Amino acid sequence: MNKNVSTFIACEADYEEAEVVLFGVPFDGTTSFRPGTRFAMQAIRPDSYGLETYSPYLNADLEDYQIFDGGDLELPFGNTENVMEQIHQYCKNVLQANKKFYMVGGEHLVSLPAIQAAYEKYPDLHVIHLDAHTDLRDEYMGERLSHASVIRRCHDFLGDERIYQFGIRSGTKEEFEWANTHTHLEKFTLNTLQQTIEKLKEVPVYITIDLDILDPAFFAGTGTPEPGGITYRELLDAIQQFQTLQHIVSADVVELSPQYDPSGASTAMACKTIREMLLTLV
Amino acid sequence: MNKNVSTFIACEADYEEAEVVLFGVPFDGTTSFRPGTRFAMQAIRPDSYGLETYSPYLNADLEDYQIFDGGDLELPFGNTENVMEQIHQYCKNVLQANKKFYMVGGEHLVSLPAIQAAYEKYPDLHVIHLDAHTDLRDEYMGERLSHASVIRRCHDFLGDERIYQFGIRSGTKEEFEWANTHTHLEKFTLNTLQQTIEKLKEVPVYITIDLDILDPAFFAGTGTPEPGGITYRELLDAIQQFQTLQHIVSADVVELSPQYDPSGASTAMACKTIREMLLTLV
Amino acid sequence: MNKNVSTFIACEADYEEAEVVLFGVPFDGTTSFRPGTRFAMQAIRPDSYGLETYSPYLNADLEDYQIFDGGDLELPFGNTENVMEQIHQYCKNVLQANKKFYMVGGEHLVSLPAIQAAYEKYPDLHVIHLDAHTDLRDEYMGERLSHASVIRRCHDFLGDERIYQFGIRSGTKEEFEWANTHTHLEKFTLNTLQQTIEKLKEVPVYITIDLDILDPAFFAGTGTPEPGGITYRELLDAIQQFQTLQHIVSADVVELSPQYDPSGASTAMACKTIREMLLTLV
Amino acid sequence: MNKNVSTFIACEADYEEAEVVLFGVPFDGTTSFRPGTRFAMQAIRPDSYGLETYSPYLNADLEDYQIFDGGDLELPFGNTENVMEQIHQYCKNVLQANKKFYMVGGEHLVSLPAIQAAYEKYPDLHVIHLDAHTDLRDEYMGERLSHASVIRRCHDFLGDERIYQFGIRSGTKEEFEWANTHTHLEKFTLNTLQQTIEKLKEVPVYITIDLDILDPAFFAGTGTPEPGGITYRELLDAIQQFQTLQHIVSADVVELSPQYDPSGASTAMACKTIREMLLTLV
Amino acid sequence: MNKNVSTFIACEADYEEAEVVLFGVPFDGTTSFRPGTRFAMQAIRPDSYGLETYSPYLNADLEDYQIFDGGDLELPFGNTENVMEQIHQYCKNVLQANKKFYMVGGEHLVSLPAIQAAYEKYPDLHVIHLDAHTDLRDEYMGERLSHASVIRRCHDFLGDERIYQFGIRSGTKEEFEWANTHTHLEKFTLNTLQQTIEKLKEVPVYITIDLDILDPAFFAGTGTPEPGGITYRELLDAIQQFQTLQHIVSADVVELSPQYDPSGASTAMACKTIREMLLTLV
Amino acid sequence: MNKNVSTFIACEADYEEAEVVLFGVPFDGTTSFRPGTRFAMQAIRPDSYGLETYSPYLNADLEDYQIFDGGDLELPFGNTENVMEQIHQYCKNVLQANKKFYMVGGEHLVSLPAIQAAYEKYPDLHVIHLDAHTDLRDEYMGERLSHASVIRRCHDFLGDERIYQFGIRSGTKEEFEWANTHTHLEKFTLNTLQQTIEKLKEVPVYITIDLDILDPAFFAGTGTPEPGGITYRELLDAIQQFQTLQHIVSADVVELSPQYDPSGASTAMACKTIREMLLTLV
């Protein structure tokens, strides 16, 4: 007669023995258009049981690895700075225990403290950023901590030559121009991902995937659908290419709002992406 | 860094110390019209956190009692007899440990093995049955184990003078006629509930609530909505009347299909009913 | 190996032997706000099998009567006059064969040709009209054939002292004032229905029920929800009172838009209303 | 060829000539459970055209009065204090121009700066508060500015004997106990509203209606449905009673989340409530 | 304190100064299957604010141009000829003022009076038609003015050699055969679009896009989904090819029914298409 | 005045004259995740009228052939073996009458008795199986009759070298390994379909299509969405390739759960697939 433990499929290791720590951050406090990413993990855990634990893409099985599901952070509402601090502390603890984390958002702003924690441990950190949006605004409606400025805030400490952006198809003219001199930004597609991965093969890399890089056909469950994105097979190919990277230090996936896709297909896609990325991290 | 435990709000006791054991039975295998009660508990647990633990109706608080949430039974699909046996065994175990159970369906057929287990411990068992439907068919499309015959199957071992039915507004002519000589059946309303409770004050009583006794206005999240039912305030009143019963041995609530009510109001209503009934059982 | 016949539950008589002819009119061509009543019958037929054929309210069973389900009229789009003519002809044919019809809309305008056909056979016709809206506009956006003017158009040939309106809670000031001298209009409730029925006991009566007389709590599946209506039990009571009428010549029910109520409760309510009214007509 | 002006039905006066200023506050930043009240006004304006401008309850017509629809405030995300300040300033401006405002939320916290502005002009202000929830927490997850503490914050400046709460059916035990000595709180119903209105007939009164006072049957479109509430007719009756108050200084209505009620019935109910309250304010 | 003006993002010019006039036609009166295009513009305007004003495809920004949003035409219901006349007059006025219009439907029939107005000003007009359906019926259920015959009606005055159809994958055998001798029709794809554009480079061209040319994967929000269509990237490519045309006189986009895609992705796609086409027209 | 016959579009032949018998099997009794395939045919029949009867892909028209729609089997709930027997008998009858059947599920397990009936008549039977899932488990939660083991059960009687699987992207490691020696399994794609068809050109072939072979972008209406699948155009191409097969003995399509795709696009896709396959069978 045990308590009712709820985890992502096959992530049943204890913390101590785990290589990778999966956790959720149900935060959508700066979302300006349609909120709902706070519900992502609540939908993902039960729906993950519709997946198999085995990946025919990577020929690997979640059941062969030690992964801990730490549940979701409990966050106050309306106090963004406090939320940033809690995420930062959690990530720092995991990295200090010589584990990797895999964080599931929430909105994209949650990546900021996570990347910062990774940067503190790995000063030579590089970031691979898959997204529909530039996220390079210096501020948004007067706020510097915003989903629309998360990568710009990361640049504040990472500096030039560290951020590689792919699939970007939305932003202000100023953001695209700023990117020309401060990040590597590929518009619309993933065509240069392979060569980037070759270049970053041996350095510490953090991978942040905003699922809205996908076309809304493949991923309708998001607050700001931006048509014209990649297919899910292209994302699966990208993840297979990530196997070449020798030092992925941690990673995240953000921006599922499950309630906007009542079919559950978007949640299933997030689950499959999490399985493939967990098998990439171990 | 603990595992992610998921319970109904404030039901965080360990099994050993618990007075009441809450558990779910995600079974809808004989549902003939629209399935979905298998998803009830999956919706109820997270949404229970939208409730307060305190009941201003009963002036009592879940946090003051020891209740264990045992999670959901894991059931095979397509083998009704096996499912019945598993439920029966679970209920028997709980009763033998001198605890009460509160079972959340699933379809109404899950009440059969639960009532049987209660009857085995309390041969003088009486049943209070709130429902829109008679559930007195001897068989349904050739099957004797069916949601439409669950109370008839209970009568098989309980016999006459033990079953009190309220709120019934749907059934075949034959069922209503059969009830005339074998159960106490009140059509449409709860008007005679108070006097029944007086009569049963000192005997062992099992309470089974099919939430479709409520009008679909109040409870749209069900497979077979039957207009013309009671209001939620009438159900709250009934639960307050149950306080008079001195020996409620266990109880259940069935037939929430959360996906048919996208507003979440039906799930909220199931949550509130569970809170009130748990506070009645302790 | 017979063809796949689809009827309302238990309405399986042939036309020749039938007392009552049930048929659908999937027309919503003048609906100004949210269309969708064209889908009513398509939802009602399959969902009627969630009902029992027996009514515990009237102690009568559909299976004991001969009712023919004639399917739905096939109508052109965008030509309101042609639609009116087709309905009129169908109703006339049924009445000439000494049968009654029970028509399921569609928007309320479909009642106009049906009432006209009834009036042609019974010049002393009286109309009982249950609705949230007055429907007494002389024209609506320049059109005289509109859901908002259907009862006014009936008055054109019926004249004063023939129309009894109940439950009305929406209209222009002019419509309410016009009603003062031309119809019997009870605002908000059904309190005077019993005395009206006494008065009309022996004359030919046509009953038209716009389901939006119900509060949207009980009937959300409608294009123009108007809060503050009656409960479904009040409607059931009204139907029981109709048993007193000795000469109901035909009747209709209109304005279900099933897609606005994804729970199916509104469709279930329409089904139950149809069962009770069919048992009233036979 | 004019620009596309969008207003609540018949609220087409210019600001200068208006008696009452209607405006929206799309803020749900402290909502802890299910967000979405930010979308209320966006749904209300177009759906208001499904209403008539005439009220048969009050025998009055919106078209006979001068009401200005000021649109919605443009608010930053994630900075609650800034939002409070903007609302406060707007309300102050309206009151200084000797007009009344009618504010549509948004979550309940938006009432705090509005009531404060009213209090600054009318130090003898009394508040009538209709709600399912006490809203009397001193803090919620560490935050003092929260939807769960809005009435407590109003008490900070109003003090005892000024707040009258009705329909309350959810809160912590501590909140109910605190209310015993600091506010007038009626649990569950509106039974004492009439006598309160008599008492407050001549003093300045602000009316704040959290629509979740209604049972979710009548109002499913809300983030935290709390079963067991009042009917819409009871709310209409309350509004009719408000006619007795001689000095309503301003008012608000909050907590519609239209997306949780896909039928549109909740939005229709909000629209009708706004019409009745506007006709009460003029 | 200005009135609440509602426009498509960045279309805030006054009529006089505008180059392009955007307007909506909420008409779905001949829709035979599932109505709802009347709601397109009501969804598009607010959701357009989820877009950026800058197009990285065309490297152009809506804010750099003068575009007027004229709101929606107010149309009677059930009188198709009257609707045709109103649209025709509006388009004629815009063209006479030496502006271009960009019309947003509504069903496809609204293109008929718009193309006629363009033809009256530019007798050498050619039409590029992107669609899943031929729209070449001579009549549909007896009506000559129908969404299914709109292009056939345009041929009545344009004649042969003027209409170029792309992406067509549904129609009767007769329609496909008729097209062989009267229009240029490419089945399924856009492969010949580039060469058509070369050919029409210098003549006046009207572009009508029925969004159901897209596969329902990319555009589920439509009344008659027809699987097997193009991707959204193919449509974006087509729009980039349109830049070659030197004399686009006006254009339209039709057949969004937002309510069939609760994710909002179809509406987002319509918004993005409008932005790209507006930047093409200026 | 005929009864209301409901068929798939243009399938109006009588049984005796029919070449092909279309019928539905509303069974989802072993579905472990999300049920709902029981509703497939109920959605398909009315929505088929949104299609044309003519296929521009095959240049053929349903109206030129004799196809009988036999309605749906009436099945008990909770007794899988009984269901299997009924399907088997129906298929056997059709084949004995020298007709072909086209069966519409229901879950994939319904293919087992159908393939068995075909095998009994054609002992040299080969099976082409399009699916996302291997369906090769020997048992699933203790049950040997399960949607997850249907192809394994077919192998029990067909043996090696008879089953060709395409598009498979989900299964356990054991299933993929078992397939290596017992079936021809192509992972992810249809690349080898053409050469398989060449090989099977002259032998009896049964084609079973689980629509979840499609990516959820194209087919969201399914219980277990598995991202990474084929496009609908690829499926249309496959069907065109099937024209080469000289001896297709019967076929089926399974796993539409229409309620998970409220847009209707998945149902439309099932309808179009049925049209193309019926035109392939005749």
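Labels A, B, C, D, E and F are assigned to the chains in the order they are written; within every chain, residues are numbered from 1.
In this text, a residue touches a chain if its C-beta (ideal position, glycine included) is under 8 Å from a C-beta of that chain, and two chains touch if they have at least 3 such contacts.
The structure presented is a predicted model; accordingly, all values stated were derived computationally and were not measured.
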item	value
Those chains which touch chain F and also touch chain C	B, E
Joint neighbours of chain B and chain A, given as chain labels	D, F
Chain of greatest Cα-centre distance to chain B	E
Reference chain A; chain at largest CA-centroid distance	C
Rotation, 0 to 180 degrees and nearest 5, that superposes chain B on copy chain C via CA atoms	120
Interface residue overlap between copies chain A and chain F, same or different (over half shared)	different
Whole-Å gap separating chain E and chain F, where each centre is the average of the chain's CA atoms	38
Whole-Å gap between the CA centroids of chain C and chain E	39
Approximate Å spacing (C-alpha centroids) for the pair chain D, chain E	42
For chain A paired with chain C, centre-to-centre distance based on mean C-alpha positions, whole Å	56
Sites on chain B at which at least two other chains make contact	215, 217, 261-262
Chains touching one another, given as label pairs in label order	A-B, A-D, A-E, A-F, B-C, B-D, B-F, C-D, C-E, C-F, D-E, E-F
Chain C-facing residues of chain B, complex	33-34, 168-173, 176, 187-188, 215-217, 220-221, 224-228, 260-262
Touch list for chain B against partner chain A, complex	1-7, 14-15, 21, 42, 45-46, 68-72, 262
List of chain E residues in touch with chain C within their complex	28-32, 35-36, 38, 76-80, 82, 141-143, 145-146
Touching residues on chain A, where the partner in the complex is chain F	49-52, 54, 56, 61, 215, 217-218, 231-233, 236, 261-265, 268-269, 272
